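Paired with chain B in one complex and with chain C in the other, chain A is shared by the two complexes that follow.
What follows is the complex of A and B.
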């Protein structure tokens, strides 16, 4: 073709060189916090707090500057790959969020436009925020007026910089790890969350900002597969597996290096997604992304990373989670009843109270609920996770909105959370739909504490928590000492009972190994078609047996090389014992408010 | 016994073309009247080399082979690009090579058989009702497809291709990096290979890809070995040989890796074809006495004046001097001998075939009588019809199975799939250093599958008998083990 001669290619070359120069200079402008570019910052439409606005703007500037630089020194190979992979609209996947398409004239024109319009808009906006706020300090005023803001970072008061957006500079923060770092690569399980436009939301290890490329590729893979009307599920390589989950506007990705089953990882991602819903509600997530596809969700989730981190940890180490049940603190049934009735009598007058939950040490003591409402185990796990991961709870009572996805994914409940007394592990949660009744609940809690103190319940709880688990459950005393460990779940009430970890499973590594074994067995059985009901594996280390019946599920680790019938007899004896004693371990009767 | 047959359907007219034809697949989907799930079918199959087409706009050079051939270039590029992107993405986390990608509707299998060469196969998952009890709604049945099976199918495709055209890189090297010759060779080979590939029939035996050995007593075995030695001594031009009886290997002078490829080719493609040709020849010339040659590969007739060299050339790899060989296969009744003669410029002469025929015919007939008499003295015990087993020894690739007997029944197929699962599980265990285990699994259909692993031996049993207790199943398994694997000690 005549047109495609050297002239055209020269023309193309010039345009692309221009693009790179443009990108770098844009990066520089952003770095200098050029006010003209304010329009393009990922910040909210209006602010009523000037401090917050400045901090947001500052952050936005540094982020965009960084993005532009990345964009211009973009890894050539990946670009080429993805263009090949059918993304004819070029690097747009990556560049669109940065506002520029380095390869096209279109992009450059866009830039010019933004530049022109930007200036006037910024002036308006900063004026608005200035007017709304009366007490502006000096540095604030200087900042809103000046265009050349080099000195801004040094001049800003520390508390503005410490805005929740800024990642803490703690050296032990897992998010400080770099992707190139061997430690990062060696992590056994990764979890990433991103928006469908490729914006990072969460990464378990390493800073999301430094992994923009990786997030981009994940988004690209998912969207390429979606283009052909299909859904990405998993990638398998060696011992590793990567699981993808698409949830509305969010993409969740789990990477495991230890041969985890896909079902387990999907289960984990579902928990993580539920945690996000629990912070924001489904409705809000959908609304935000409907309005702005490339919204940076991290701004709304700031502070929740801790919750997700803890949830992942919790999900991997707590046996009751992966079988989908709840473990309770063991105690005589009469004692549990007296606590429940104390709660009922204290709280029954409070209108709009839906649940009252008493927990300790990641386990349930008792639960009281309004008629017609019920609490699903996975919602309860989110509550346990919140209690366990909030340090500030230790000293103060908290009033926080929380959404329970299985209860109502679109609305918040309001939770009054506090420990009964300062030196007990028992934590009380009062969940209501009424935003206004904090003081009423606070008062109710005081009353309840008094009552429980009076009837000795608190000291009973403390005693139970202090006493070694073997006082309640000793495999030796039941006469099944050949059973080394077990997890039992009642399928009707979702109660779970597991034996304490004794040698040879008393170190975290050994326990982890056992749980991995349980986990692969359990999910393999669920996953197979037709479903499997019984599993018996004998190996030199131990026998792992899993039985699933209509009434219960049980996972057992036993001494190896036993006679098959003998081991089944032992399990039967154990099950009979559990069923006889289940009042102590299980919360079978959930009283109404 | 692999299902990867090269037109193994012996007397069936060849209508396998639909396998790769998307239009046909659609027809199949609609006509299945909702109740039977569609079968696994291939979507595409391609080979590329990452070293080519690195400059923009010339990425197409990467592609060495793409099936279906009439695919739009853009689609081809997109598929290759996606595969490359996935491989690159995975490298971020671990150096392990990419094995498979699962999507809702497809499975994509990856294989890097030689550095920089990637073979990718995409298969459609079956689509239909989740189980026979469910009356409404259809789903993609990912759970019914065991990835390991198709991974093995892909590996077999490569090893067979290598048998005929040699290592891919060496072809490139011989042509100074020009891909034209390699492309032509790949095209010639895979065009036919893929036509005969029946994915839906693949199962755990593909995963093992083993060889069945003929059980013999010491004297008969020594006699067979003597015979092979004698052949090699009399005809020094023969460098390697392989002896088979009724689809079972008797003796081989090759490395097990090479044996399994040659064995698969001879048993699943050459012999069935030969049988079919003979049958057709007999039918066609009813009455007139057509004398059939005993050479499965070689000249059509030993008296032919116009002789052309028709032996296949195969590439043997795990020997001292790897290279191409003429594969001459000679068959007397059930006894088959494969002779490997180094390939040089001159074709094999008819004279050699005549000498071979004279030498082999009588001696092989004698050997057959001996083998037969031994087989009569030690008959195989048949098992209860509701149990099926597979045995595999990873060291010598020996397999033994009774899987094929009840093929096609959906519930039995599901049990055989469960065997693959058990096998995966055992492979993982042995990677972790646990070399022996015994696993029993009871399905919701009340059938059992059992897997035993001891050092390098694996034994899997499916029991389709209801209302058995664990102890009873254990007894059943033990009995089969004793009957079928005399002298092999299994311990946990």
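What follows is the complex of A and C.
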């Protein structure tokens, strides 16, 4: 069904143009120091000195005038963005809550605040927060009726008309293609990357070429705010959140319709940015854009869109990533040690080898490193992401430059990537700073495979990967079967343990719902800078509990309607069990090469 | 049995089917959803030519611009280059021309050149005619092949041609990059289960150029 036909959209257009007129004229009235607006000015209650009162009022008038003009341009832009992102259908925007957050507004708690008590309230709001560009009133706009469109379009600033949003019926209009695409609109989380000059770099769904206007709008929004020495951080709109991140010459934008927390989306954007750095290095990105501001970065990223696609999905579905830790495949500790020592004895003579990493199925088996160097969890996630998104023949050996942003954002390491044997999931990565030693590494890998075959490690790994997860961890056997799922992270070692997804979370949709809950809970707590605290959320589906102490972080999904104390007792029992058994699940000792 | 070890580099624009060709030959399969190569992939395969075992070290490079600066690492000391283009994409054909220029500038030893027009299964969308490609191949003393990784047609001939060329090169005293080991038992660790062993393959001796097979 088409919700927004030509008539409704024309109506929407008229109404929003009227909104702009109103705001611009409000701005004008302020500019003319209209007395009627005096009470909205950010001035003190009482004045002893008439001179000071006039000076303050003057200041207030000009500040509010400026803010209103900014607001109107902004509002128009934001609507355009939301609309193009398929977030709103024509007029529906007028009934929704609306709020904008820029960095100087950081202290303001409620971002989805409704401003429906008239435009004067907007000014009140700005008084409280100390800035003007905070939000505007939509219901007010809706109530206004007769408008003369012609008159207004000629009055509008040039800047707005350049990006006009009149819906054309031309099927070849790329904006139409985009908006008609139900599939695209139905996506719940979008990610866009653009250069600061507005050139598209990446879009999670659809082809960037069809979204040039959308990218232009995003760029304009960010730069309008920046012109006023402010930074756009997020826009809130009903269940919709738009988060902006400015990273050197790149702008990253996340759009979510899932009421995601801003911290979560920022975390996701940071990962995406790191992925780009990992492909190009920070130095190269900066150098390119310094030389040519409107360079099309897609040329250099071609072939790695897949890495970003996969990373986004990985970030949303893999618990260890969003809690910022590492999960290992379970294994008796002595077994893990013998694998590590086989790696050390095979590779210790290779000069310039920095890390040797053995992974399987997105999890770590073991990690060996050169003295003084360490691997950050987020770098390791990029490595896992590369392995997972580049399946090729198992017999191939890949030799590729890779930058690990936390290790060194400005330089490449060289990675030798290969599976231990043709029929195992265990994949070995040897990371070096020397680009000439491929054959040395290739030989080392062969020797290592022989060793691991001989001491039976490969078959142990294969068995672990084949065994059902419940052989290692069964909530039922621990005696906490009221706990349906959990994610545990040791804060000292960054090791993460999570239970297998069982009913009712065994379908991707249900798991996704649970993870979204976890993410919101977890990032809201992280946001409030936790020392030791807990969070409890009850819903008909489940109770989600998050506990953070200086030793661990745990997220738990429980059966609903349990007494709080009873749930805490169960969680304690679980934690005791984990701490007793953790050497099977955790990599506690990272040997040196 | 004598073993000759030689290096083959596969060059060409992204998406022309370089990886698909190698995977078809070595892994005997084809996937429509193959990931773009990152950096380069290294494969080995063995081909028996009578009393000689030819061991090919194949470097499948990524065609992306960002890996361009790494290319010299792969064609340095190479004995054969497969220059692959997509017969439905004219730009991929011009791209091999610039690769050839780069090779001519930077590689000093004799090099076996094979120009490969891939995706012949898309005959209806062909943009580069067989004649045009053949003519070009001749002008650079290369052999021209048409292939389809999808249909597994023409792939094997390309690698056999490389092997033949290596045998010929090994008789050339000036060639130093080929490793020739006169051993009784040529099997080394590197020979895995994925070896291709072709016994006494009738060689294509027709068009022989000084560089090529």
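Everything that follows uses one rule, which is that the second predicted complex is superposed on the first by the 406 of 593 C-alpha atoms of A that agree within 3 Å, B and C clash if a C-alpha of one lies under 4 Å from a C-alpha of the other, contacts with A are read in each partner's own complex, and residues count from 1 in each chain.
Definition applied: a residue touches a chain if its C-beta (ideal position, glycine included) is under 8 Å from a C-beta of that chain, and two chains touch if they have at least 3 such contacts.
Not measured: the values here are computed from a predicted model.
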item	value
First (chain B), second (chain C), both or neither touched by A:334	neither
Which of chain B and chain C A:524 touches, first, second, both or neither	first
First (chain B), second (chain C), both or neither touched by A:397	second
Which superposed partner A:236 touches (first chain B, second chain C, both, neither)	first
First, second, both or neither for A:561, with chain B first and chain C second	first
Which partner, chain B or chain C, touches more chain A residues	B
Which of chain B and chain C A:389 touches, first, second, both or neither	second
Partner chain in contact with A:536 - chain B first, chain C second, else both or neither	first
Partner chain(s) touched by A:185 [first = chain B, second = chain C, both, neither]	first
Sites on chain B touched by chain A in the complex	56, 59, 74, 77-78, 80-82, 84-86, 88-90, 92-94, 96-106, 130-131, 141-144, 147, 411, 414, 417-418, 421, 425, 428-429, 431, 434, 436-445, 469-471, 474, 492
For the chain A and chain B complex, residues of the former touching the latter	77-78, 80-86, 179, 185, 190, 214, 217-218, 220-221, 224-225, 230-240, 242, 255, 257, 259, 262, 520, 524-525, 527-541, 560-561, 564-565, 568
Interfacial residue positions of chain A with respect to chain C in the complex	279-280, 299-304, 306, 386, 389-393, 395-401, 415, 422, 435, 438, 442, 446, 450
Chain C to chain A touching residues, read off their complex	14, 19, 23, 26-27, 34-43, 60, 62, 64-66, 70, 73, 189-190, 192-194
